[in-house]
Amino acid sequence: MTLINSSTKGVFVIACTPFTEDGSLDSASIDRMVDFYYKKGADGLTILGMMGEAPKLTQAESIEVTRLTLKRSPSKPVVVGVSAPGLAAIGELTKAVMDMGAAGVMVAPPSSLRTDEQITSYYRNVVETIGTDVPVVLQDFPLSTGVQITSKTLGTIFEAHPSIVMLKHEDWPGLQKITDLREAEARGRRRTSILCGNAGVFLTEEMQRGADGAMTGFAYPEMMVDVVHLSNEGKYEAAQDLFDAYLPLMRYEQQPGLGLAVRKYILAKRGAIASAAQRRPGAALGALAVKEVEKLIERQARKLELLN
Amino acid sequence: MTLINSSTKGVFVIACTPFTEDGSLDSASIDRMVDFYYKKGADGLTILGMMGEAPKLTQAESIEVTRLTLKRSPSKPVVVGVSAPGLAAIGELTKAVMDMGAAGVMVAPPSSLRTDEQITSYYRNVVETIGTDVPVVLQDFPLSTGVQITSKTLGTIFEAHPSIVMLKHEDWPGLQKITDLREAEARGRRRTSILCGNAGVFLTEEMQRGADGAMTGFAYPEMMVDVVHLSNEGKYEAAQDLFDAYLPLMRYEQQPGLGLAVRKYILAKRGAIASAAQRRPGAALGALAVKEVEKLIERQARKLELLN
Amino acid sequence: MTLINSSTKGVFVIACTPFTEDGSLDSASIDRMVDFYYKKGADGLTILGMMGEAPKLTQAESIEVTRLTLKRSPSKPVVVGVSAPGLAAIGELTKAVMDMGAAGVMVAPPSSLRTDEQITSYYRNVVETIGTDVPVVLQDFPLSTGVQITSKTLGTIFEAHPSIVMLKHEDWPGLQKITDLREAEARGRRRTSILCGNAGVFLTEEMQRGADGAMTGFAYPEMMVDVVHLSNEGKYEAAQDLFDAYLPLMRYEQQPGLGLAVRKYILAKRGAIASAAQRRPGAALGALAVKEVEKLIERQARKLELLN
Amino acid sequence: MTLINSSTKGVFVIACTPFTEDGSLDSASIDRMVDFYYKKGADGLTILGMMGEAPKLTQAESIEVTRLTLKRSPSKPVVVGVSAPGLAAIGELTKAVMDMGAAGVMVAPPSSLRTDEQITSYYRNVVETIGTDVPVVLQDFPLSTGVQITSKTLGTIFEAHPSIVMLKHEDWPGLQKITDLREAEARGRRRTSILCGNAGVFLTEEMQRGADGAMTGFAYPEMMVDVVHLSNEGKYEAAQDLFDAYLPLMRYEQQPGLGLAVRKYILAKRGAIASAAQRRPGAALGALAVKEVEKLIERQARKLELLN
């Protein structure tokens, strides 16, 4: 069992949860999708996140998705999203998935939090509930949660809880936050891993600011893998050239709510999952949107050819 | 098994969930508390609501609380709060509690809903998920959920879903909403039961506007029972006299967040539960607050004597 | 010209803005209302607050209301609400009203603020904009603004800006905040005046916790005046008896949005203003609400007789 | 005087407000900037919008900015943002700017609105306040206002108020909304102009969905002008090629809050304004951000060369 830690680097793909057309879990597609992600270079996976339709699953289903994913990931770390309205549910699911071999859990703040004190208290309660031996990813996604966490408050939380080893960074704008955190570390604060989200649309700048990689679900994970590698080798121009070829589609896939429909459409098209179906309620991809996505894919392919 | 319906009247006490000092479920106190509520005249109970610390329970605990409460309520209807971020959890818990003999389920809208369309869609999805044979209480509590539902949108939902038989009314201000709904019924829309919340602080006016009773957890349920009876008999002055004697404490218990600590303190003092402990994280009742509550209780007792 | 300071005590009534039936400013009623408030014992006034329909006034009208009120208050301090979306408007209105003789200005935080840093920065910008010689009342009203300010953050702001001399306290629950602030002062932080809002519904407890008085607009200011006096003399039981007689109506007048209609209705009935009209858009008081208010007034009168 | 109407097409640049380093209005730069925008092909301007730092201006300054802009735009329509917390301020500023020759006013909904009824009431009040002869742009920008307006509610508003002639479209995702609105028009509803915002990042798709142009402030307005022209000629591939060259910078400039600093930096660099200074409080562009922007500009220039 591999645990994530404060030095973890690379690309953790936010996995979707495959369903059949009638809305039941598609176990076969889980295997296929997991293989697909690793084949495209993923260093690990994150399941049951917001894009994993986690709230639409029963607890038994969440555990089944975890079991299947872990089974198919014998040598790769899998982080499991355990965000829930109450600590009891977080504690219960965390215990279940860590016992099964998860690499850590991801926790976003509930949208009711406002003050810095409420936010730091919340993560103290989380760590006390799940125990200090479980590696935690703090998901900082104000656009979705409505909770704004300053660099300073993040620092307070990181200092108090060594088991919070990673930041899933998706504040927007968020580049300065990476710089702030790395500067604080340069002044002596313990290191945390920073993997970036936001559908990847700032990945090139994020890597240069000091991020360790990406944790998001863009349907072409190979882009993230290559941009991270190129950036680590200092080949920033090449990274940006590659990034730019994918950006028009990334931008389209980043649309809140609709993005998952786009992502599943592409994953199905690429053969990673059998169906683009979302469990109800899920935004449908209209005919015009399909046409737009197809056009973007076609243009993207042409640009990639030019790069090679 | 008694189901609630669109003619249900009376007082359904929002039950708290008793814990021991160490935060575990206090089963013995559940029995004692349920007996206490019925002895004070409750016509039914509502468990696992916001004041029942529902999000702090694991699903197994939620089911255990339901089982114990139902067992102790052989002839009374018990409504179970099943609000959750996702439909799957709502469906799963609903099935479990209805199979055990619950009288219906209560569902509050998730705080992400904004437009009228989103709200009506949400309840359509809920009804499709749990089936049209389960009686539903729609909880309309904007102060807590952030979701504002107009009288007109409530009407649209009621017309579309006959299984939504009751409104837990706690909009604030909310008196006009009762009038609006009853007037729409007078013009031909099917009737729904309206039980009122908001800690009871508008119960006298609500009854005169056409409410069917109360569904809230004030620690002196006998006040609600008597006010409802007196109102039904047209004895509005007597109802208001009684109400006024309790109002200073009601006002204190209505404070958001802190209110549950006050309520549990009083219930423990009255012998309904063994401990006022809340499961973490719960607001503590400071020494000054205890003193204030004791003073209010003492004054309330004196006023009630004067009334008799 | 009297300025408010960190020792200011007593009752500052939040004044409404009188309009004629056609929505124009009613200058004659301003005189009458100001006289009424002082006759009932007000120590000062606060104009152009949320209940003063300030956002419905043009800047010229705001200045006219201030001019008329100050002219009618030769020996009493008048605080002016200057909250606005931008610093320029705050600075401009502050300069105008202070030049005319206002006793200070009141500033609520804009609803976009979230983190402690954003809140402290905001008040730093305000003080820099208006100058350190203008006494400021910080309005802490999360129910309306959506901005939550902890006791600690208030302390940070008070320490940084001696010109912020008063807190308009209306957090809910808010009693512990008064205790926190007074304890911090006991440990050495400079004193600030604390006048309480929330329509007065916690005034008795607030006074015992260390508040200096009230700043709210309940239509019977004599209640606030007497409760503050009795509390200052240590006659807490008498204060509470008086308070309880008014509580049923206070509770009704506290309803968000609708409260102003109730308040203006009563002020018109008491002869303080000529018309209960609000400038558009304003919530109307329906026939049933009028009946409810009249009933509460009648019962209140009877209770007050019993007290005397 | 040219008024906008329901057939208005083209690119209306959202103008920034130029300040000198000390924060005072830079009148000379207003002239220079206006000339710059028209030289780059703008069909009109929109001033005093969110990106125009409108809330930081006094009313006198707002009128001065309008006067200067109109004077420099003898033959072009200028829309003026008049959003304010109250109707009186909206009415006052609207009268002032329309008298001076503005082409129309833009009004965003206040962030307190929630239900469909509240939103439709708000625009009814606005139109009643300013009169039915003033052309109105309804700004639909939920990311910033927090107010979600469905296609259906937009339709209700458009039908009720013929003077609302234009939608500033920046819902996100928002492509389906354009399709919905155009389909409703095809079924018989009167036409409204749709100009798109969101920093331009969906302009190509928006034009194909039926938008009439752009209304946003990207620092290279020539991109928007060319994309709109190419789209109108059916040259979608060429439009997309051009768009893609600018997208990496557009994406960077779209960052909420920070975007204005980027925009002003580039406008100053391009000679359109003398200084990138924002009036306080304004987000600063750090050294690393400057470096990132410069890199993006350089790469953009190279890509544009390849296109020609």
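The letters A, B, C and D name the chains in turn, as written, and every chain counts its residues from 1.
Methods note: a residue touches a chain if its C-beta (ideal position, glycine included) is under 8 Å from a C-beta of that chain, and two chains touch if they have at least 3 such contacts.
Fair warning: this is a prediction, and the values are worked out from it, not measured in the lab.
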**Prompt:** Which chains does chain C share as contact partners with chain D?
**Reply:** A, B
**Asked** Any idea what the CA-fit rotation angle from chain A to chain D is, to the nearest 5 degrees?
**Response** 180
**Asked** Could you state the distance in Å from the CA-based centre of chain B to that of chain C?
**Response** 33
**Asked** What whole-number Å value describes the gap between the mean CA coordinates of chain B and chain D?
**Response** 48
**Asked** If you look at chain B, which of its residues touch at least two other chains?
**Response** none
**Contact footprint of chain A on chain D as seen in their complex** = 172-173, 175-176, 179, 201-202, 205, 208-209, 240, 243-244, 247-248, 251-252, 255-258, 286, 288-289, 292, 295, 299
**Prompt:** Once bound in the complex, which stretches of chain B touch chain A?
**Reply:** 54-59, 61, 84-89, 91-92, 111-112, 121-122, 125, 128-129, 279-281
**Sites on chain B touched by chain D in the complex** = 114-118, 147-150, 152-153
